[in-house]
Each structure stands twice: as structure tokens, then as C-alpha cells.
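Structures are listed in the sections that come next.
Below are two complexes that have subunit A in common, paired first with subunit B and then with subunit C.
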Partner chain A sequence: MQICPVRQTILFLEDQIGPGGLPDPRGQRISEQIMTLAEEIAEGAAGQTHLTAIESLVEEYEADQSPEPTRAFGKKIKQMITDHKEVFVSHIQSRNCPTSDCSKLAPSPCQMACPAGIDVPTYLALIAEGKDAQAIEVIRRDNPLPWVCGLICTRPCEMMCVRARIDTPISIKFLKAFAAERAMSDRAYVNPEPKPANGKKVCVVGAGPGGLSCAYYLALMGYKVKIIEALPVPGGMIMVGIPRYRLPREVIDREVAMIEALGVEICYNTRFGKDITKAALEEQGYDAFFLAMGAHKGWSLGIAGEDEFSRAIDAVTFLKDVALGEHHAPGTHVVVVGGGNVAIDAARTSLRLGAEKVTIAYRRSREQLPADIEEVEQAEEEGIEFDFLTIPKAIVGQKDQITGLSCIKAELKKKKGSDRLAPVPLEGSDFNIRADAVIAAIGQYVDDDGFEAFDRVSWSRRGTVEVNHASMETKEPGVFAAGDAVSGPATVIEAIGGGKRAADAIDRHLRGMPQPRMPRVPVRHHTEPVMEMSASQKMTLKAPKMPMLAMDRRRTMFQQVELGYDEKSVRKEASRCLRCDICRRCGECVEICRDKMGINALRLGYMSFDKQKPTDFRATAENCITCGACAANCENHALVMDEKDGQRRLLLCGTLLNSQAIQYCEGCGAKLGSVEYTRFIDKKTQDVAQANAGRLLCHECQRKLGARAGQPKGPISLV
Partner chain B sequence: MSQYYLFQDTRKCIGCKSCEVACKANKNLTRGPKPCQIVEVGPKLIGEVPKRSYIFMPCFHCENPWCVSACPTGAMQKRSKDGVVFIDKDLCVGCKTCVSACPWGAPQWDPETGKVTKCDYCMDRIDKGLDPACVTSCTTACLKFGKVEEMTQIRRQRHAESVASFESASF
Partner chain C sequence: MELRRGDKIEVFQPSTDEAWEPYMNDFLGCHGIVTDPDTIVNDPDALVEVSLEDRGTHRLPQDSLRRLEG
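After this line comes the complex of A and B, so read on.
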């Protein structure tokens, strides 16, 4: 396995320092100096000049008077640093080591999982403390739409949440929405101060999450940004794809207004390539283009009857029309074909518009449904029906009136070269579903109409724009792309992450700086202090249940379904976080306590990823002797031993694992171990004669006592 | 006891503490830990004169060391070939049980490394045939190091000298 180059450099240097290392004192001295600097880089304590300093030290290895081994070693280190310069720079700038080899810098799993790399533990800690505006500030360093994401994100962070190994993941998503709403209401949701205008102009195509994210970060860097938007509304798919009962329009409007407040201009109802051309924009002085037009074309089913009937529609068009105010039920018996979130959205929207019966027909079975489990559940609660293992064959009817969807049953079979089970039609199992409207929700593709002017941009076989994912550059210099236009239909948070990366790359492009060769790792801005609470409290806090809108309203109106937690629940939920930004779960503490000390007081099974054993913070107090070995060996100071009110306490990221009364030296009053600690030692040394007559003394006093006893008496001494 | 004996001639010791300095320098220690220490006893009036005594307190390298019994990790050990009690830093986890168990206060806590350090008669030096750092640097040569049998000889010699009476000499 490949190890982090910074750590590897340190290991190389360790080998060469001291006996058995480089032969000359000069080589030793250079190695020691580089070692100090490299260790600071690995600890996140380095400044911008560290790498330059290392580079000039490395040159010294190859001085004329150096012996051959030293020169050879110099070449090796030099190669290492040249090959992996990006990694060194990233360690210095982001104070992050994604491989976890440099343990102090490892980001938390939730942050690593987030496509935008948001510093989750930091903002959760801020929310737990009630500092909502500060939390929003932290989120917006990586994501300009925290409110939107707080309501509709697919939350890859929660998938990785370590707390799930104990009970359930932290509701990271909604906590963000709460903080954003509270900050907005308090008028504390503010933009950071943008850099002064630099006079350069960038054109963004598409006001969806990707475009808005890119525009926001560019505007903060001092660029003048114009967004070209074909629709009359901002938000792209989040406005016209996601229905209002999941994401109220005001949320989008308010967050877009924040971006517009930075001077970003959005030209609505303007289709790129038709209403405005690349040439015209170039003439106006736009130096770079960012393509984030999304994937707004729905795939058609490719079955008979699809083109004959006006009520055979695609979900994307349907949802867009509804979002833009066309509030008519598509039919009374609606069949939605597909199994993704779009299918669910189309079905639930049809229901709210008055359809009597809505059925979702999906080719595979329930386990394979790509839609979010919560979405599926909510749809079923509202009365949406699912027809699994159903392949549509033809839309049937007369004149312009659909009467049904002719289908065939499928069975799932393994296919060569694919992990996914494929639906295979069962001969003679034809059946009809009654329908007067059929909505196809089987995927979307990118509409490349109007982008011919970018003749050097290359397109993939799937019809998406090809980019270098580290910098989001297309093959055409000065043209960047992200979002669904690059990935095909994907998530909001991926588009936001892509937009942010592109903004950075556009800035580099316009300033003539080279582009990164590998994707930047998430940035940790700082470490928020931990919150103290008892082991019982940490253990028994439970995720709150999401309050929902009354069912009758859910079946009739577009009001928000998830009503959100109250403030008390939010603060509690945020404090359930295990702070994986501080404790990286190396398990050293458990090993020491169990294997070396033989005490086995730490029951922290969640620390191991593969073999999960039980976790109980409360169990520590049963056996722990507050010896402090675990804390002394905790590299990141996640485990801390402190003294408070006459008690010696052991805390793990603020969770109080144990507290025992301190004993004091009978001689000088110095602090000693607890009764439990003394008992542990007495048991160990019971076979050795008792030396201090049961007196409780510190080692200083023991030594003094010993000296007095050893003081020679009689005629020899002091005369 | 180890095969060695570290003898301090308290009559000669002036409490300059160069032994402490040499010890810490040899072990590369920061503030805090003192594997050997000069403990001042007194002053005490002897006749009309106040006297102070300087007692050298290293580790005694006990026959049955409390620290070795107390250590849960096996870091604290007794070297089989000569009985030197030493600590293997790689095995030490910093539980400090040895510090608390020793009746003489010999094991020392090093806050810098989070581990314990102690007098090991400078094993690295004695294995090369040198004296421990404290002995080598002693300005008054009051510290002497050697095999136990050699040391008892010094005591005998000195005692004999002190009680010698030339007035009633038989020669």
C-alpha cells in the first residue's frame, strides 16, 4: 500500500539520522533540519516557507565535499519531494492528510465523504453551542447553499458517520437547515467580505447549484460574474426538478439573493447559443466560461404509443411545468415509470395535484430502488403504490386518450460483467395497468444544443462534457464545466463541489498559475473546542424523530412535509457528534488499556471499522484506575486527563469517562493517584516487602526519606 | 542487588550537583526528571557548628524491585546478567505505577516523552567499560562505581583509618 509521501520522507530521514545513517556529520545535520521541517508539515504546524526551506536544504546534500551515500540520499529525497510536491503543498495549506498517515491532520470520515468537503464536525460543534451564524460561515467556505442542502442533500456524510456504529448517524443534513434558517431569521446570515474587484469577467452558463457555487466563489475572489440562465427562475434542477413540498421556493430565493448581493448578475430567460452567443460574450470581455447547464432532457421510454398521446410525458418536463405554475393533474390514474428520486417526485407531485391513483412501475425489486429510502417511505405513506419487476411494453388507448400501460413481468438475473441484477422479461406474463397518464422518469441527459461554439470541448459517449476532475477544465482552454453537465444526473452537493473546484481553477487560469494535478483534499479550518458531558448523556442521547406535516395536507398541498426539529432537539442532536476530527479512532488507547495495562476499561468498539464490538462510554468507570496511560499515548489529545475539584478525570472528546478522587502526599501535599490506582499497585507489589509502612508519599518525599535514612550516622559522617 | 555498587563518600561531597547535570545530559533529559539527585539533609548543629550533608540518591537496583513488580507492561526490567534495573522505553505506556510503587522515588516521569526514565547505571557506558556519567563527572571524586566486593573494601579501609590510634600502636 502506498503511504503518504510526507510520512515516507520522514521515515527515510529517520533511517539516516544517528548511528548507521549517513556517514558525514554534515549530511546528518541537513537530515535533522529537514526532519524538523517535515514533521512540522505533518503536524499542520508549517508555514508557506517550509517547503522552500526544505528544497534548498536538499540541494546542500549534493555539495562537492559530500560523500557518495549522502549525495545518493539527497537525490532520493529530492525525487520524493519533486514527485509529490502537490501533497506537501496540500499538507501545508489545508492542514490535512487524506491518507491518515499524518495522524494529526486526518479529516473526519464525514468531511471526506462530502463531495464539497464541508468541515462537518466543526459546524456541528458550533450548532451544539448555539452559534448558528458561525456554523453557516464554516459551511459556506465550502458550500454557498447550506439551507438548500440542509433540506434536500443526499447526505453521503451521514452514510459515513461513525456514530452509526453505536446507534444512528447524526442528522447532519437537517442541522444545517436549522442553522441556516435561524441565522437567516436573525439577520445573521451574511456574506464574507469579497476581495476588491480585479476587473476580470467570467461567464457562467446555468444558475443551478454548480453555476451558483462557482459564481459565489469567483465573486468572493473579486471577479465580475454573469450567469446565463434559460429558465425564468434561479436554481436549475433544485427549482424545477425538486418539488416544493421538499424544498420551498423561498429557501432558494433567499440563498440566491445572498449570491446576487455579491454582484453576481443572473440573466434569466436567456438560452446560451440562441439568445446570447459565445462570440458576443467574448467581445464583452468575458475571459473564461463555466458550463453548468445541467441535464434537463428526460429519456423517453422507447415504447409504442409514447409519441401518440399528449399525456405520455417525461418527468423532467412535468416537474418543470408544475414548478413554473402549471398546476394541473396529469391524469386521474397516473403511472410513473422509473425508480429514482425523480420518479418518486413525479408521483408525489401528481398525487398533490389531484390524481386519484398513482403507481410507480419499476423494472427491478424494492431492494434495488435507487431512490432514497426516506423518499420511498414517505411516498408509500401518502398512498403511492409500487409495481415492482414491471417492464413497460406499450402505451395503449384510442385517439388522444390513454387507457392503460401494457407491461410484462420481469425476473432478476445475473448478467456477465455486471454486479447489478438485470430484469429479464418472463414470457407470457403480460398484464395491463389502468392509466390515463404515463410519466417517464428513467433518467436525464445533457441538452448540448447551443454549445457548438465550444468546438474544442470534448463530449463523452454518455453525452456529458469531459473534464479533468481535479480542475474541472475541459479540453478547451479557458472553458470549465461541472455539475450534471459533467457527471450526468447526479447530486446537488456534487455540483456544488465541482463549482467550487472550477472557481479555484478559473482563478488559477486567469492568473497564469498551473492547475492542480490531483483533486484537493478537504480543508480543515480550525478545531472547535469539545463540549463536556457525562458518559451516560453521550450514550443515551437519541436522534430525534422528524415531525411531519399532517397526512391530509401531504396528500393535497405543496407545503413542506418535513417540519424540522425544534431548537432543543437540534442542540442535543449536534452534541451527539463523536468529534472524529479530533479522535481519529486509531485504537491505541484501547490497546494500551487492554493489552498492556491489562485493565480493559475502555469499551470503544466503534473505533474498529471492520470488526465492530460493543461501545459503552459508561463502562470505563467500572475498571479504570485513572493511570493516564491512554491519555499519555493519544497523539491527537482526544483523550485527556485533567484535574478538577479534587477529582482526576478522563475525558474523550469532552465525554467524561471517569472521575476519581485525588489522594495527597502525607509529606508535602503533592497530588497522587486515586485509591483505585494505589490499590492496583498494591496488588501488583504484594509479593515484595512493604517498604513505606503504608504511608502515602510522593516520589520526592520518598527520595528525601530515603536520603535521611541513608545518611551515615556515627563517627564517620559530618566530622 | 545488582553486581555493582555506587558508593558516595559523603565526607567529600560538596553538593555541586555535577552528577545530576552529567546524568541528565547523558540521557538527554529536559526539565523535571532526575534519575539521580543530590538531596540536602540538614543543616544540623554538630557541637556549635551547623553542618549540612549531601546525599546522593540514584536507583538502588533492588534485589526485588517494586517498580518491576508494579509495571503492567513489562517495560521495567532487571537485566539478568548483572541485575541492573532499567526501563525499555518502547514498552512504557506512561501509567506511572512504577513511580508510585518505588519506596525511594527512583523512577522519574518525563513529561516531554510521556514515559518514565530512571537510573540504569548508564548501561550504555558501563557496557563499553566506562563509569556511569555521574561518577565520571564528580568533581571531588566522592562517587565511586564498581563491583560490590571492591566497594566494601573501601569502606573497611576507611573505617580502619578512622579508628586507627597511633598512640597505642602495636608497631
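After this line comes the complex of A and C, so read on.
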């Protein structure tokens, strides 16, 4: 069967990359570059110059110095593109593959949801098999900080997890943390082999998740990378913004050490624009810049008294000081203003430092709290109190001693022209919260001080660096940016994904390759074999409960609160995955079973994103006749019909949906279907079956018998 | 409209916000889930992270999104 020429080209190229492929590094490099561009054409992410760039790269195969196999392969690819040029052009213009071959390898929803595009089902399958180091290798293709993310990721993957349509999402985050810790402990957490040095240098500003991610992927591509970091420690916000009870420092140190081991140099205590300038770096021969300075400035409350007291502080400064060793309680009665994750972190940190009472004052209701629900619950368990519908008016006190936070109660009302509920002060409802320290946690912004030298970089009205999100390139050629500097305060995984995308774009920029038209969809590298289990097992496996640190320690120490799953729980939880990398939930199997066969045995209501219905894998065995119509029509081989130990079995991504004993023809001994299948056929072919006199016969023997009895000889219809 | 984590949404119109890039027109009509609303303040002007079915995760202006029931 002929497949889409674009997909065919990618398959040809895949064979020529790596061991056993083209003999020369140059040929391999050309193949990699063409494959990247061809994949973008397949995904609908290609720009108008992609095909021209491929054609000129193809010419490079035939250079005089190329060995014969490389030249021959170049001719083959050239022929392929020449013969099917209109198909390539159609993919670029319509952003669609007419045969659907190019979309058959679309990633699972969890991988699609991950801003870094991690191949989640593959690494979960590896964890289920106990192959933790291999799982980490898979994760690090897209994210160089799996251990960090295993502890603090906001886990968009779990939001899109298809298993949540049945019961609860797979605990993807915690499984990743387990695998990283185990691999690190086993000394099996290793770096991939970087490409030989290409002589080019890139300067990264900021050693936060975005900067580290970009530096890691550039170092693997053979670039010399220097990171300029204003702080005395690596990690940026993950080190100085996230408290140690959520993310131990050792986790950051160990993963940063892996990146440094690739030759990445981090210059600490060096403020860009002050301690080192752009001009000085250009003189040193840096070919490109990547800006990932984060959003480290906290907004002030803008209320009376805020500038008068030394214990009126912003949460970013407070958390940074604590992270860098300042371990004095900010006060005895601490009020944190805000409702986001930073407010929760500041409150829980104050408690651990010895504050007697910590209150979070938030101007809206509990329902509108923007912080993660788990963080809020944990804070409340530890004794943090919340004052909802509370608007701060002034910090009061005398002689640098805060005595309270003057507030007014609010009610939520819709403003004209908006359906959002906004807090409106209730006249005469003024009250005072006792406090000797007030921490403002109402947002952060990017500090642009020192970046004036990038005079062609433009800034958005939100105070962030403007980029083209497909390439993370700013308006100044050769200058790229990502992370909070671009998005404003956002997630760690988004910064990591942006850093990876920027590394790819910097490489393209320095090689003269075209940039993608839109951010690329994640790439699936591999399909791990499925794990077999019964439908009952698959349905009844439940997500484990996270063991937590004892409450007294949670209120007094910075020890990690979430203690992690034990190994047995991890393996089981990983095997709960539905393997959406294999089953694309097209629903064809359900339709065929119900509409064509009239059986309706598949209760797979999770398949639709918009119209979800109940799912029960166990229900299949109640009506299924193991006819195989579903499996025969499954394009991705997610549903498989096989025979084992005299049983005909139906499996969906390894889950055994049904198993029925195979019967044999009494006439010739030929293999027949199950009792249920035969009964179904008999019912559909009653007129033919009458001649059988109740005997179990194959179609051929039935026909012979039917012919003798004067019955019709035509094919027996199954429908 | 206030978007919460886990809300089902549709990209129903192009935004006039400067953050709207031409490729985002490809997302019109796509359905998805809010994965990271503005977690600091409830700012109607904030860009919201959404994961779109078969389209990946992107940060989009709120005026391009509408909440779907259920």
C-alpha cells in the first residue's frame, strides 16, 4: 500500500540517521535537517520557504566529498521530492495530509498538553516495566529537569489525561519524580552524547528553567554556552521562588550539575548590563543571545503605610531571602495579601520560620482563589487562615512597628459590560487584622533594567519581551527569549518548553535554516510495547494516596512535605495508563460493533472529548462474540485479536477485553469462531444452518452440505 | 468571563490583543481545557494557558476564548 510521500520521505530519512545510517557525519547532519523540515510540513507547521530549503539541502548530498552511499541516497530523496512536489506543496498550503498518514502518528493528549512536549505514554510504560533510567532518557529529550518537574510541575498533562474520563488522571508528575530519584540514586541518570563542538558560542541570560533548558539543548548540539546569572545560585525562580519543602535544593543542584557536565558555564553574581555588557560579550565572539531573566520584581500594594515599615515586604523578596539563608520569621502575626501560589508559599514559609499566626487576605471568595487546590488544602492543614472578601486599605503602626492591616470587607458584583465578578468595598465594614508583618503577593513583573543595549527588542504592553512564539525570536535578529520574561509569571514547564524551542530556533538561525510557521507539535520518538492485564485489573486499579510528612514537622521544618510513592505503587500507577499514544480514540471500533455488527459490546465512552459517556472495559465480555470486526478496522492496531491457549482474545492496548474458547469444524477440523460467534452466525444464516442439523461446521462444509440439500451456495453474509 | 483551571473552552474568535499571532488563526473552532489560568491575580487581561485537542498547549488572550458547558 502506498503511503503519503511526505511521510515516506520522513521514514527514508529516519533509516539514514544514527548507527547503520549514512556513513559520513555530514550526510547525517543534512538528513537530520531535512527530516526536521519534512516533519514540520507533515504537521502543518511549515512556512513557505521550507520546501526550497529542503531542495537546497538535498543538493548538498551530492557534493564532491560525499561518499557514494550518501550521494546515492541524495538522488533517491531528490527523486522522491521531484516526483511528489505537488503533495509537499499541498501539505504546506492546506496544512493537511489528504491521506491522513501524517496525522496517524499524532501524539497522545498528555504529550500534546505538555508545553515541553514530553512523550508521556512512552516513559510511563517504561516506568511500569521498572526501566526508570530509560524513562528519564525519554523525558530528557524534551525536558532536562525531570526531577524538578516531578516535584513542582503544574501538570497540564494530567488535566488532559484520558484516564480522568474514567476515574482519575494518572499521577504523571509523581511517577516522573520517582523515576528521576531512582535513576539518580542508581547512578543511571546520564547525559546523552553531545555532538562535536561546532565552534559557535551562545550567551544565555538567566539560569532559571528557561535558560537551563536552552543551554542544555544547545550544548548537546555542539554549541559553547555561557549563562549570565545575577544570583549566587542556579535555578532562578525554582531556587529562590519555590520553598524547599516543595523542592529540595539538592534536586536542583544535581540536575544543574548534569547540565554543567556538558560544558555549560554559569557565571554567578553577574548582573547583565552592569557586571557584563552586551558589547563585551559580542567582542568575545558570542553569535546569539537568549534572554531568560524571569520576572523577579514583586508588585507593591499601593496602600498607605507600605513604604513606612521595614516589615512590609513583597513575597518575591521574602522568598528569595529565605532561599538564600535568611531564616528569621518575618513577624509573629503575619498577613499575606494575595491568593495565588506565591501567597500560599509565603504564608507556609512564614509558618515554618516560627510565625504564630499566618493569615492570607484575599479580596475575592474561596471559589475564585487562583492558587492550586492542593496547595490551598495543605496550607489549611498546617493552620494557615484565610480571610476572604478582604481588601487591604492601609498598613498601620508606629515607629517602624506594624500593629495591623486595616481592611474593608468586599462583595462580588458584576461590573457593567463584564460577566466577571469584581470585589466591591462594602461601606462601613472596615476592620483590622492584627499583624506585625505584611507580605504582598499580588504578582511579579520583568525587571528590564540593564537590557537597554538590546535596542531593537520590543516590549509588550504587559512589560514582557515580545517574541514570535514559533521561534521565540525577538525583533532583534539573533536575540531570542523565553520563560517568564516573555509570558510574565507562568509555569516552570512552559519556560522549559520555551527554552527548548529557542535552542532549536537559535540552531536554525545560525545554520540559515527556515523557522517553523507555528510552534511545533510534540514529536513521538518511539512506541513502547503494551503491558497485558485483565479488564477487571485495568478498571479497578486506583491512584495511590501520597504519603505526607508528619504535621508537626510540616509546621516547623523545611523538609519535603510530599514523601513520594513506594515502588509497588509506582509500577501499578504507571500501568493504569490507557496508552493513548496507540489508541487515538477515533471511535471506529465502537461504531462498527454497534452499527455494522449490531452487537454494541464496546462501552468506551471515554473516546469523545466533547461528549463523554460511561466506560467499562469489563462490559465488553458480556456481549462480544470475538468476531474481530473492531480489530480489523483499527488503523493503529490498538485493538488486536489474537489466539492463545485455545482462546480467541480481544485486547485494547494490552487490556484483555474478552477471551472465548475456539471451536473446530466437525467435518474437516478447520478452526472456527467461539460458541458466541457461531451462535451469531447461525442466527444470521438460519436458512443455511437448517441443513446442518445442529452440527458444528465450517463455511466450506456447510456449503457442501447445503448444496446436497438444495440450499443456496452464495457467500454467507455476516451482517 | 472568569476562567478556572479545568474549564472546557473553545477558541471562538481571533483576539485584537497584540499577543494574538497569525498562526493562532489555525486554532479557531478548536476545543480544549484551561491548564493554567492567571494564577497570581484574576486579571481579565492576562494570557491564559490552554491545551487544545490535537493542537498542543498555548497561551492565548482571554477574549478569544469562551467557556463550554459540561
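Couple of notes before you dig in:
Criterion: the second predicted complex is superposed on the first by the 580 of 719 C-alpha atoms of A that agree within 3 Å, B and C clash if a C-alpha of one lies under 4 Å from a C-alpha of the other, contacts with A are read in each partner's own complex, and residues count from 1 in each chain.
To be clear about the criterion, a contact is a pair of C-beta atoms (placed from the backbone, for glycine too) under 8 Å apart; a residue touches a chain by one contact, two chains touch by 3 or more.
Just so we're clear, the structure is a prediction, and the values are computed from it rather than from any experiment.
Contact with subunit C, but none with subunit B, is seen for A:115 once the two complexes are overlaid on the shared chain. Shared-chain residue A:198: touches no atom of subunit B or subunit C.
In the superposition on chain A, contact of A:418 is made with subunit C only, not with subunit B. When the two structures are aligned on the shared chain, A:490 is found in touch with subunit C, with no touch to subunit B. Using the contact criterion defined above for the overlaid structures, shared-chain residue A:706 touches subunit B, although it does not reach subunit C. Looking at the shared chain after the overlay, A:269 reaches neither subunit B nor subunit C. Once chain A of one complex is fitted onto chain A of the other, the partner contacts of A:608 are absent, as it touches neither subunit B nor subunit C.
In the three-chain superposition model, subunit A touches subunit B and subunit C at no common residue. Listing the residues of subunit C that touch subunit A in their complex gives 1-2, 5-6, 8, 18-19, 21, 23, 26, 31, 33, 35-47, 49, 51-59, 68.
Interface residues of subunit A, counted against subunit C in their complex, comprise 44, 95, 106, 109, 112-115, 117, 154, 156, 159-160, 338-342, 364, 368, 370-372, 418-421, 441-444, 460-462, 466, 468-470, 487-491, 494, 517-519, 521-522, 609-610. Interface residues of subunit A facing subunit B in the complex, by the touch rule stated above, are 592, 596-599, 627-629, 632-633, 672-673, 677-678, 680-681, 684-685, 687-689, 691-692, 698-704, 706-708, 710-712, 715-719. Residues 10-11, 37, 39, 41, 44, 46, 51, 53, 55, 57, 64-66, 69-73, 91, 93-97, 99-108, 114-115, 158-159, 162-163 of subunit B touch subunit A in their complex.
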